[in-house]
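Labels for the chains are A, B, C and D, by order of writing; each one numbers its residues from 1.
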Amino acid sequence: MDFQLSDDQRALRSGMRDLLDAVFDRDRLRAAVERGGTLDRALWRELGAAGFFALRLPEEAGGVGLGLPEAVLLFEEAGRALLPGPLVATHLAAGLVKGAAEGEAVVTAVDGDLPVAHLAEADAVLVGAGALVGEPLRAFVAAARPVRSVDPLTPLHRVAGRTAATEACPGALDYEGALLTAAEQLGSAARTTETAVQHAGDRTQFGSPIGSFQAVKHLCADMLARTEPARAAVYAAAVTGDPVEITAAKLLADEAAVRNARDCLQIHGGMGFTWEADVHLHLKRAWLRAAARLGGAAAEELLAAGLGAARPGSGSSAAPGGGAPEAGGGG
Amino acid sequence: MDFQLSDDQRALRSGMRDLLDAVFDRDRLRAAVERGGTLDRALWRELGAAGFFALRLPEEAGGVGLGLPEAVLLFEEAGRALLPGPLVATHLAAGLVKGAAEGEAVVTAVDGDLPVAHLAEADAVLVGAGALVGEPLRAFVAAARPVRSVDPLTPLHRVAGRTAATEACPGALDYEGALLTAAEQLGSAARTTETAVQHAGDRTQFGSPIGSFQAVKHLCADMLARTEPARAAVYAAAVTGDPVEITAAKLLADEAAVRNARDCLQIHGGMGFTWEADVHLHLKRAWLRAAARLGGAAAEELLAAGLGAARPGSGSSAAPGGGAPEAGGGG
Amino acid sequence: MDLTYTEAEEEFRRRLREWLAGTLPGLPPKPSPDDWPARRAYDTAWQRMLYDAGYAGLHWPVDAGGRGATPTQHLIYLEETEKAGAPYVGANFVGLLHAGPTVAAEGTAGQRARWLPPVLRGDEVWCQGFSEPDAGSDLAALRTRAVRDGDAYVISGAKIWTSHAEVADWCELLVRTDPDAPKHRGISWLAMPMDAPGITVRPLRTLAGSTEFAEMFLDEVRVPVRNRVGAENDGWRVTMVTLSFERGTAFVGEVVACRRTLDALADEARRNGRWDDAVLRRRLGRLNAEFRALWRLTQWNVAESERTGGVPGTGGSVFKLRYSGARQELYEAAAEVLGADAFDVDREWVLDRLSSLSYTIAAGTSQIQRNIVAERILGLPKGR
Amino acid sequence: MDLTYTEAEEEFRRRLREWLAGTLPGLPPKPSPDDWPARRAYDTAWQRMLYDAGYAGLHWPVDAGGRGATPTQHLIYLEETEKAGAPYVGANFVGLLHAGPTVAAEGTAGQRARWLPPVLRGDEVWCQGFSEPDAGSDLAALRTRAVRDGDAYVISGAKIWTSHAEVADWCELLVRTDPDAPKHRGISWLAMPMDAPGITVRPLRTLAGSTEFAEMFLDEVRVPVRNRVGAENDGWRVTMVTLSFERGTAFVGEVVACRRTLDALADEARRNGRWDDAVLRRRLGRLNAEFRALWRLTQWNVAESERTGGVPGTGGSVFKLRYSGARQELYEAAAEVLGADAFDVDREWVLDRLSSLSYTIAAGTSQIQRNIVAERILGLPKGR
């Protein structure tokens, strides 16, 4: 067992971070906010060229031939950087929808009764196991109604006649999508932790950096204590691909992303409440992602259903149990 | 409107506190713990003589002729002092069961499927609207089974054939019982707050009283912020007698009692984990009371059912609504 | 423990209700939130109506032109106007609730005569220049400098979180007049005319997308010395007299509104089927308990204030600490009720959810409130 | 990111399972928790069996008589023994997990030869005399005095939270040998024979009613100077070398046990009908996510420790902070599952609920853990 990043994985991750620093710095982020989250096609193609969408396609199909663990690292970086766009849907569509793998096509997805992201600029829409393109897509878009999105980076459309929620019986693609969304949440949670720590060290009140006050210090500690278990859960779920494990990872990453953004905002005080600070972008995106692809109630029910000594994959042993666990040493 | 204690109410409360200081000081409390919570009959009679049980009986029936607000103040003091015994049941039985009003009889009650408190020493048991005494009582006790109680101050019996929960449709007595239980919880919550503050000021670590550290300070502040709304809710419910208001009071007082005891324990550190510290007595009693007489889930459902603009007593106005409430000044 | 209102209080309520019932239907439509001059006009017109009906400055002392109402009457006023959907205090907020009372308490006869009547009549609007970019929770660390030059102060610096700055006539301004004194001792309180040269107001966009606050930059703005209220360098005390004057009524309207929102959430959940979710339903039940208790706590604090004659209360910090969190929980529950609609800003409650994020920050963060509760009420030792 | 075990690791697990399957059925029944001598006998007999089978001191260095196992092998050992319901380390805890490793790291050859083999064989039991009534979280404030008198220290003071003191042969004791030095600099580490005159052990009853801890009073107890490990006044460093030696395995068995408890709670809730309560059911679902993540985080920390060769880790504080709270939530959920049975101490999980209350306090309160995480991992400035 070596549940750590391999050298290749580390290189992949830092390569992605360098790429995003270069092609999606803070100026481009704020520019994306100002144009309401509509996509930069050139950037989308750059992501395609870097293998972001084709990462898990076999090499013989023009892909990179890597797996979910590597994809999770890239999506974590995307989440850190607040990279806009239907990243998960387009990644899942690689090999299924023409141009998705290369970043030539923008592919979005219908997810339960949630409003659909980036619909106006989408070249295809995943609906269940299929994809709408061409005339059916145009008809679908025509019947949709734009809504004023709470997240400035994610334009939303209500689609006519709500599609039934898919959560009741998710398929393999749904779980993969949930995992990659969890990875984005993880990246966001880690980023807001860093931002909060940075601010707490810089901002002085009452003659000291606010990070020297326990109230602020402990908020930061709790942020890390949300991020690290979520990280272990997301990475492990990427390795095993187990549905219950993915569900657990999504739940914890959602909680880490939303609550860390809230704490980061609190630590920033009034400045955190402004449009100019990035923290609200993390929070609003985290809200959207938490509702998407295995949201709270459905995830909790799946995890509850996965419990019980007789259930498969419950992590229990059939061996006879011994009393209470050791309470640890005194001293 | 003068939602404050009247002079008479203040006098009543301080009289009760003085009485308990005299007849149930810490030595007697610990003695009660050591004998497993069995009652001191002499003390019970003293309570009776002081009018604790007969408080709300009309004067012409030999009672004190006061109301729920005054009863709530006495039960709050009882909760503060961790006074053991089926106080609520005996108080409710005054006028119903011979000797209850005078403290000659110990009256306990069956409450849903909970184990029954102080059954072995009870002279009567309230079951629904009636009371068992004499032979039926003896048969009832004979069929019961003592359980090793989590609360050292409250001996418990399982009764044969669980009685159906009464929460589904509580009667007036049930609400009164819930309110008086809430008052005990309130007293306990206030007491653990004081104890925690006292300890935080006395205990020195790292060269300072631990109460000078924000982590401890903020725990104490949150304790008070649980107690005071619970106090307002309990007192108001005593004035109005409104079932939904009583339910709200019980829920908040339960939460205040349990969580304040937990925080008090945390602030006491290792010493709080010992048998000798009183904090565990507050916690365990608070657990029992929280489950009794309108516990969590039932209370929450009743409160939910009480919501909605069309519902009676919802506190809403039929007047047309005006947008969002004022955000308060900037500056 | 008396929750019944006196005959006089009931009479006050009856007359107010009558007046509201007769008056509100004739009000013009509310202006767009982005149209500042229209908002000012709407708010000041409403204030003029209150003035004409005898409700202006309800809680102000009679000798300041107010009605000298009791805290309970003030509570009734706030409860009834909220329930009736009357306009909010809006642009008159600073004048009526802070600058005015400060002038009333600490100003000279001339200052009172100059500044108070226009506030009561809705003729003049005030804004507040207290917070600075580097002095948030630590307000007394403010750095905006005022240098005496003849009969004027020359002021330079930056202020933030100034509401209604675009349309205000006056700004109650805290400035540092003695940079060498301990930080609480070198501050003065000035009334700055907002048309003075050197003032630049820049809207500050919040995360809710609104521009209800502004930054204000001051570049050698001249303010006459006679506009100072209280002694030079005594501005901290002058300000705190009013800031800490708490009659328990600060959140009356909001709590009433939150309870109405909660009822509406239950109705909506029953309508859209989410009422079947026991987790959500019971969460709404808990919020019912929470806001009922906050309402009762409001009455408790008001009654206490009535007994003490309005001595500065500390219960306000406990209330704010609890209420800020409860309000945020209310709008988190609203998002659950809305489900997929929670991402549509045009749906009711969505912007309120965003606004509620400021509640644990504005007017003293919850961390600061906990310090106040622990040190000033519980008596724990100072520290960090 | 490799979660598959190597062939060698699988082989280690196979042999361990075989041995456990063959050995456990022959164990005598567990002694009563109140019978200390019987508990010592049971625990040391088990240790002897481990010794004979080659599992004693699995994680100790080979030159100290241990097996020099990797962190991953240690994880497998703890996981498998927990799953098989093998006895806990019990009375051997301090010897195997702290005093022994300290002697191994800092002791002289003679000290190692004297003290290590009896620990591995289960011949001698150690207890720990670190905490004092006035030095809890602030351990270095300890005041137990040791005064040099010839070739012995004469020791007076009081210790608390000493497990197994009644049946221990040795106590690893921290004493103040220089009262004038800064508090971390005047401390020495001594091995105190528990049969020395002047030691009084008094059981300390916990709120769970058990007496697993004791207070220990020292009245002019003489301990030979040769029993000191490390230099005089260097005891803080000596102790911390071992206390901070964290291979991520500290809670392996507990997390495995918590997950089994969670499964059992679901089974019980399905049996007694409380599974129909969606609030409780979803709460159990969240705990499933929580403990799955804690298991994966354990593997992550162990793998990290394996890579770094067991360098003191800081991840342990994050883990403990999260785990302490999760364990308390687990037993709060257990009380919900038990319903009316939650007040019967003889029902499974009720005593565990009481014990879990110490988790956010013992071995560094959650408040202290947050300080450690914030300062040592996140690099926030020191303060309060």
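Criterion: a contact is a pair of C-beta atoms (placed from the backbone, for glycine too) under 8 Å apart; a residue touches a chain by one contact, two chains touch by 3 or more.
Treat the numbers as computed from the prediction; the structure is a model and nothing was measured.
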{"item": "Contact-richer chain pair (by C-beta pairs counted) among B-D and B-C", "value": "B-C"}
{"item": "Chain of greatest Cα-centre distance to chain A", "value": "B"}
{"item": "Centre distance in Å when chain A and chain B are each reduced to the mean of their C-alpha atoms", "value": "47"}
{"item": "Between chain D and chain B, distance of the C-alpha-averaged centres to the nearest whole Å", "value": "39"}
{"item": "Inter-chain centre distance, chain C versus chain D - centres from mean C-alpha coordinates, in Å", "value": "54"}
{"item": "Inter-chain centre distance, chain B versus chain C - centres from mean C-alpha coordinates, in Å", "value": "37"}
{"item": "Multi-partner residues of chain D (each touching 2 or more other chains)", "value": "131, 161, 277, 279, 282, 358, 362, 367, 370, 383-384"}
{"item": "Touching two or more other chains - residues of chain B", "value": "208, 212-216, 218, 297"}
{"item": "Chain D - residues contacting chain A, complex", "value": "1-6, 9, 30, 72, 82-90, 93-94, 97-98, 127-131, 161-164, 212-213, 250, 253-254, 256-260, 262-267, 270, 281-282, 284-286, 288-290, 292-297, 299-300, 302-304, 306-307, 315, 318-319, 321-322, 351-352, 355, 358, 362-363, 367, 369-371, 373-375, 377-384"}
{"item": "Chain D - residues contacting chain C, complex", "value": "277-279, 282, 383-384"}
{"item": "Chain A to chain D touching residues, read off their complex", "value": "1-6, 9, 69, 193, 197, 200-201, 208-209, 211-214, 216-218, 220-222, 224-225, 228-233, 235-236, 238-240, 244-245, 247-249, 251-252, 297, 299-311, 314-317, 319-331"}
{"item": "Chain A-touching residues of chain B, taken from the complex the two chains share", "value": "213-215, 218"}
{"item": "Chain A-facing residues of chain C, complex", "value": "131, 133-138, 141, 160-161, 204-207, 209, 277, 279, 335, 339-340, 342-346, 350, 354, 357-358, 360-362, 365-367, 370, 384"}
